[in-house]
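Here it is: the structure, laid out below.
Chain IDs A, B, C and D follow the sequence of writing; residue 1 opens each chain.
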Amino acid sequence: MTGFFDTMLARLDRLTETGARRVAQTSGRRSFLAKAGTLILGGALAPMLPFDKSHATGTGGGVATGSDPLQCDYWRYCSLDGTLCTQCGGSLSMCPPGSEASTVSWVGTCRNPDDTRDYLISYNDCCGKTFCGNATFCNFNEGEKPGYRMALHNDINWCMANTSVGYHCTVAVLVGLAE
Amino acid sequence: MTGFFDTMLARLDRLTETGARRVAQTSGRRSFLAKAGTLILGGALAPMLPFDKSHATGTGGGVATGSDPLQCDYWRYCSLDGTLCTQCGGSLSMCPPGSEASTVSWVGTCRNPDDTRDYLISYNDCCGKTFCGNATFCNFNEGEKPGYRMALHNDINWCMANTSVGYHCTVAVLVGLAE
Amino acid sequence: MFLRSIFAVAASVALSAPALAQDPLPPETFGVMSAIAPGPNVIVYQESLSGPGSLVVLGADDLAMKGTMPSGSFGTMLVDPAGKVAYSLSTFLKRYAYGPMETVLQIYDVDTLTVKSEVILPPKGVMALSYAALLQQSADGKFIFAQNATPASSVTVVDLAAGAVAQEIPTPGCWGIYPATTGSSFSTICGDGSLMTYALSADGKTATETVGLDIFDPDADPVFATTARSEAGIVMVTFLGNVIIASDADGTPKKVDSFSLTEGVEGGWVPGGYNLVTYSSGLKLLFVLMHSGGYDGSHKNPSEEVWAVDLAKKAVVGRMPLAGALSITAAPGDKPVLYTLMADIKLVRHELDLAAYATKVAGELPLVDLPFLATATP
Amino acid sequence: MFLRSIFAVAASVALSAPALAQDPLPPETFGVMSAIAPGPNVIVYQESLSGPGSLVVLGADDLAMKGTMPSGSFGTMLVDPAGKVAYSLSTFLKRYAYGPMETVLQIYDVDTLTVKSEVILPPKGVMALSYAALLQQSADGKFIFAQNATPASSVTVVDLAAGAVAQEIPTPGCWGIYPATTGSSFSTICGDGSLMTYALSADGKTATETVGLDIFDPDADPVFATTARSEAGIVMVTFLGNVIIASDADGTPKKVDSFSLTEGVEGGWVPGGYNLVTYSSGLKLLFVLMHSGGYDGSHKNPSEEVWAVDLAKKAVVGRMPLAGALSITAAPGDKPVLYTLMADIKLVRHELDLAAYATKVAGELPLVDLPFLATATP
């Protein structure tokens, strides 16, 4: 699966591609906050998100800065919207056995709290299996944009370009430094 | 849909048919209790049944003797295992618009608390639509038997003989006196 | 009604039997109801990411359950302005989680809750959360527009009279379908800050495109893909709380107005949600779901308030507490009622007091699956 | 393990960069894991009544999630004795809730969690809750037996080597598939109190039947459709708490033993659940889910206790508190471990103290959908 990111970009429209690269490399939570007017950091926002209610832990909101890949707030999940492959037989960067790796993906720029560097993260869906309701559904949206910036959009099934488009779970692959 | 019950019986195997008629007309909760040894009536049994957790009201267990067709313990539901059509746009005996009436059904014998008579109830599934998760899932099993007494078995999709076998919800049609 | 008639019969013959106080209940006839009760509805799309979604039809006033209509996975819906015909765009897989896929447009008769017909579309229909902008109809009613993503973006045009696909329009780098108020053209929002308008030929088989540049800044302050339609044009809200109105009246999209919802307001308030804005043409008010303490990534957080906006005055005229909503839709006409879809999977009906700009919860109903999109019918 | 290697690399190059305390994390390669971790598993069928069900594979000792395998609606499963091949019998509808249906046998490789192949069966496969007796395999491993219901009962025989249906055996008035311990015959339980044994020809294309009458009383005290297999034969439990053992060893089913679990026991104890009985051939114990205060219709109520039964002694040798279970399965061999599927949708692992006949909860995991059937593999 080497070159998956180049493949993804090559398949995107030119406009989207340009936008994706620019935004992925320049946007960060800090610039947004600066623009959003009065800053209220660490507010009481921990919304219950509208997903599988059988897992009360399946919430999101806030900012992902944690260190446990089994939890929604793991730092690499800063723009992940989906069920965690780490809880479904996969790992942070590998799909569970028997699933299909998505051929396209969306990206996020997440800060690693350990080295305070910003990394480009590729969120790849794992495909061709029943939705993994056994895993927690997470929803973080740092740098996320509507579909006109498709490579940054996470409200869509990124199994869309696969042979089997069934959505199973999502990994967060470290692509490299965002700087 | 007149004659649905005769049609149902005609389609069943002879053995099953015979058994169904006999059991439906003779079994009742009282005879069972007499056989079950020490009687403990009105015990603390109100099990949470293994169905859609999004509706905490979707429980069963105990004995159905109530008077509200929107509740699981309505007397006619004494052997109903499924979602209530009364909560999904249908009525006690009519499927919701746009669904298909099941061509076969299981039966139960339920006591009407108002007149203390035992009635034969036909539990018909309504078919061809998405499972009605909006309605409560109920589960009562008075007189219910394994599949070797198929006409008394409720752990099966009674849309099985329809053109569209998707299960939507269940009605409880009063067929007549069981005496 | 049916129930009452049974019990009425039973009651009327009471005391006539010697052995018991009343005659036995009469046998019933099993069947299928022919139609739902008349009256205005709220229709909610309950999305599934893995199996069948559904459209659930509720009485607009009492939220009484009238029934459901079946759909596929990753779907969204559209209800025609009269509330009589509904559509869903969704995906069906041969083995549910794998195997050959079909993108299907299902066409429903709302009164009878039946699937009237279906059109199989090119197998590239969008599989996303149920944003309203992903499935739309031309103002003349002739065409359905369905968003595609491969992830390249395009729009499938369905000729309803023919019951067939008329064409697929490439819309590279753009997203969402925003029909004009007359004819059969639509606009789309593009990643370079422009809007693009596509005007269809009479047979729907070709289209001409016109670009309107510099309508928003996609880097500094992106617009949400869910918009509203006012008399002035396409009303967009931005992540930072600005309103941008683009007119498509003359066929070339252009920015005609913009203003801030939050200037001078403390607390870091920003818009957030999925279908997070709605316009009442009767009340002449835009409603936006808002939350405080906005940060990069909070743009889908549930609401804390709903803000009422007078577009002519370019001003927020009311702020009303409304916690936990992800989507909002106004009742049609001038009925002062809002419906919201909540993060805890329910529909809430709110009655508006326009004198005080206050809301009162006037009904709620639990839902299932992922309900992101609701439409209220006349 | 994968995670650790990444962080190990990162740690090993720490302090080598001048500007920051450590080098950046290296890029990763995206891919698919080739196989699950080795070791015994518990496999649970998570049934859906409307969309895709799934088989979830968990480590037998720690209940670690190893992954899932996709299935259809109204399904059940079977795992071969070695735990390497799994099967599901389920239904796929073209439009999920309506349209043409297929009954499909999916054949999975457990190590790689892949669908190795599928066999499309006559479109009459049972659509029921996941009872173990509805999908079985012949002792010689050659044939899969799948229960049908139209509602007339029959059994589809699949020749695994051919990957095709060999025949459909009508089994009127009978239900469930209980394979013999050798060869390719199976018995079924009939509504007149008999058992019927079907012996297959070598090619599986024909069968001869032998009836064994008066094995149980279907009116006074029906048997559950879930049975266990002991050295003595097919072990059935009844609604009223009796055990009936039928031998099929010589090809003609006959009752060889029966006794009461509850005689002299106060409290109205009766068996209850779905797959409510399991036999450990290593421990030589039958385990039955039991609840008190039994009444007509309580036979699917969750457990209050699990009873350990010594079949040779015809005696309950232990009563252990175990509330809320609907199904139970014993670990293979002589490992003193039980797994139960709970009414509140989770799997619980119980360690048995055979000296004291006590159980200890030693792990649990939430599940989804309707989990009624679990199998533990060697």
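One rule holds for everything that comes next: a residue touches a chain if its C-beta (ideal position, glycine included) is under 8 Å from a C-beta of that chain, and two chains touch if they have at least 3 such contacts.
Everything quoted here is computed from the prediction, not taken from an experiment.
Averaging C-alpha coordinates per chain and comparing to chain D, the farthest chain turns out to be C. Comparing the chain pairs B-D and A-D, the larger number of C-beta pairs in contact belongs to B-D. Rounded to a whole number, the gap between the C-alpha centres of chain B and chain D is 26 angstrom.
Between the Cα centres of chain C and chain D there is a gap of 43 Å. Chain B and chain C have centres, each the mean of its CA atoms, that are 37 Å apart.
Each of the following residues of chain C touches two or more other chains: 50, 52, 70, 96-98, 115, 345. Taken residue by residue, chain A touches two or more other chains at 53-54, 128-131, 133, 166, 168, whereas all remaining positions touch fewer.
Residues 48, 50-52, 70, 72-73, 92, 94-98, 104, 115 of chain C are the ones touching chain D in the complex.
For chain B in complex with chain D, the touching residues are 11-16, 19, 22-23, 26-33, 35-41, 43, 45, 47-51, 53, 61, 63, 78-79, 100, 104, 127-131, 133, 139-151, 153, 155-161, 163-168. Per the touch definition, chain C reaches chain A in the complex via residues 49-50, 74, 91, 93, 96-99, 101, 124, 126-129, 131, 147, 149-153, 172-176, 188-192, 218-225, 239-241, 262, 265-270, 274, 291-302, 324, 326, 341-345, 370-372.
Chain contact summary for the complex, chain C toward chain B: residues 1-3, 6, 20-22, 24-36, 46, 52-54, 56-57, 65-71, 111-115, 345, 366-369.
Residues 1-2, 4, 52, 54-55, 69, 87-101, 112, 114-117, 119, 122, 124, 126, 128-135, 166, 168, 171, 173-177 of chain B are the ones touching chain C in the complex.
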